[in-house]
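Remarks on the structure that follows.
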Amino acid sequence: MEKNRLEAFSDGVLAIIITIMVLELKVPSGAGLQALKPMAPVFLSYLLSFIYVGIYWNNHHHLFQSTRRVTGGILWANLNLLFWLSLFPFATAWVGGNHLAPIPTALYGGVLLLAAMAYYLLQSRIIAQQGPNSLLAAAVGRDLKGKVSLALYLISIAAACWHPWIATTLHVTVACIWLVPDRRIERALHHRQES
Amino acid sequence: MEKNRLEAFSDGVLAIIITIMVLELKVPSGAGLQALKPMAPVFLSYLLSFIYVGIYWNNHHHLFQSTRRVTGGILWANLNLLFWLSLFPFATAWVGGNHLAPIPTALYGGVLLLAAMAYYLLQSRIIAQQGPNSLLAAAVGRDLKGKVSLALYLISIAAACWHPWIATTLHVTVACIWLVPDRRIERALHHRQES
Amino acid sequence: MEKNRLEAFSDGVLAIIITIMVLELKVPSGAGLQALKPMAPVFLSYLLSFIYVGIYWNNHHHLFQSTRRVTGGILWANLNLLFWLSLFPFATAWVGGNHLAPIPTALYGGVLLLAAMAYYLLQSRIIAQQGPNSLLAAAVGRDLKGKVSLALYLISIAAACWHPWIATTLHVTVACIWLVPDRRIERALHHRQES
Amino acid sequence: MEKNRLEAFSDGVLAIIITIMVLELKVPSGAGLQALKPMAPVFLSYLLSFIYVGIYWNNHHHLFQSTRRVTGGILWANLNLLFWLSLFPFATAWVGGNHLAPIPTALYGGVLLLAAMAYYLLQSRIIAQQGPNSLLAAAVGRDLKGKVSLALYLISIAAACWHPWIATTLHVTVACIWLVPDRRIERALHHRQES
């Protein structure tokens, strides 16, 4: 029961984050096509962030699918993740409004990195509670995907200061890696049920 | 269980979309009746979009009523639909603030079209998973309503560039077509229970 | 099940309405006490609207407590109610920002009236579906409270044009009448369980 | 069932409060690091308020864990708590935008105090309904933590007018006291199940 309320609260926060980002798409003053043109980078950064929040919602869901009891530590690790995700609207609007300028792009990478680290922490907390033989531990394994993502975010922050386009390409690449829903947990779950 | 969380998340996003649109009703600076007058088109476009989101919520609900398992494909098709619906506040504010100017009206039609296509995709995904003999497949049938809507949206985009009022009339017409809740699924469900 | 999702969606919309009203409390530019002073009417109108939305949430809850099946008619009557409630933030901000000017006060009364009428319609729809011997019909009875409220709202709109303070006093009075949670349904429910 | 809907509504309001605070992090006009610098106090006050809302959500959750029936009094005591919490975004933005000026800091302390008093009232209402031998009454005990917090908030308001930094230190201190999730209820619950 406690888990349900944590999931409902997280769903609420994620639903609001994913939706209020659209408030940064300020209505242009003109009514012509040329008024829409400067909005292209804002729109594209909104699209990328929408996909990222979608990925987090999806993975969050898989994470708690195998969780039964929620401890105080898990609860605060979850709030920590939600905090960094709540900075997405700000980072998205700043990077979108500045046509891939170095510092905003680096900050966007930084928010992605901190959210990923918070996710990793939350995952570790849940595994620690469930023990090394748990379903989640088996599903995550060595967590190559998670570690590669952290590395790419780090590189993107460094790259942003010189070639922001490289950083943006890396952000899109990591999104593509995760766009495929994390089947590891589902597969492990399925596997266990058979045996 | 997975389905419940997808429904809860979608409900959250739809509830936020339908409500933040009202933030575009900017409080007028004056306190007289004449201050309200220029708000009429903004108000009417808000009303139309409110009805549209209501229709989508209603149909979304019917769509998942007959769904049991949620696959990764359905999950992303659902997020795709939510993305296009999340652009309603922006499109509504732009068209409302420009008294039916051609480009904003065409963009509004475009967002309606893309949301409708996303809905069609989601419906197809669910039917594909459930098989051609499923309840949903029987209820949707040849999906005349869906196909006519797509055609009318397309015409509205073309019409908007010359006579925006024709486009707006088409948008209102499609809303009226769908305002009647989609009884096909309920009827099919009822039919099957009897036999 | 259908009812649960309607309740969840309504709860979401009401939670957002009650919370985004606070966004109209614009942060003052100064940092002194005198910067807070002009905010008093905005704050008081926020407080009144908060109580009103609280009352609607409370009564909405009682309304659906005795409801089992949700028809298309009930669903749209519910969306109609949510639409008028969604105008509360706009009306609240306008009346609060204009120190009880006649037209904004009349509009606030008008939104209260239309929301009350929508509530009455929703209640009638549910009773019509459940039959005249239903629990809800017995609990509502002649609905004196509802009818008196409608009358007071009507008077408040007329009064607002001459003496806005009378209108505001009426709005506060009706809130006080309803602040007492609607025990009629609970009592009727309790009564039936005994017999 | 009634309790579930109260929890869902409260979760929704808390999720929105915790997320719309981020809208006060206005996107800076420049794209350099120096544009971020003046945002530091806004960011830190957002962080503190995020933690506070997280603590309230956490404790709210524990409060209702041991509650079965929701009376009208509990319902309105809960709405009273949500009202004061809804003022967090306003108070946070004002204190953050004024670099710890006396009046905004005092107001922030005042909102914290009123929210804490509302929480105390809600807790008392629930205990009053459950009786002095209830689980919650045993868990709360003499409620030292709650009383110390109220005292520290009071001191912080007085201190803010002379040395705002002392007030802010007190606000951080109380947050630290509560950051440890309230294990009293869990422990009492666990204890009772054993005996």
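Read from first to last, the chains carry the letters A, B, C and D; within each, the first residue is number 1.
Definition applied: a contact is a pair of C-beta atoms (placed from the backbone, for glycine too) under 8 Å apart; a residue touches a chain by one contact, two chains touch by 3 or more.
Because the structure is predicted, anything quoted here is derived from the model rather than measured.
K.L.:
Could the interface between the copies chain C and chain D be described as same, meaning over half of its residue numbers are common to both, or is it different?
P.N.:
different
K.L.:
Can you tell me the C-alpha superposition angle of chain A onto chain B, nearest 5°?
P.N.:
90
K.L.:
Using CA atom averages as chain centres, what separation in Å is found between chain B and chain C?
P.N.:
Computed from C-alpha means, the inter-chain centre distance equals 27 Å.
K.L.:
Using Cα averages as centroids, what's the distance between chain B and chain D in whole Å?
P.N.:
38
K.L.:
Going by the contact rule already set, what residues in chain A reach two or more other chains?
P.N.:
Counting only residues that touch two or more other chains, chain A contributes 8, 12, 15-16, 20, 23.
K.L.:
Considering the complex alone, what residue numbers of chain D touch chain A?
P.N.:
7-8, 11-12, 14-16, 18-20, 22-23, 25, 27-28, 31-33, 35-36, 47, 50, 54, 57-58, 61, 65, 179-181, 183
K.L.:
In their shared complex, at which residues does chain D touch chain C?
P.N.:
For chain D paired with chain C, touching residues are 2, 5, 8-9, 12-13, 15-17, 20, 23-24, 72, 75-76, 79, 82-83, 86-87, 89-90, 93-94, 97-98, 101-104, 107.
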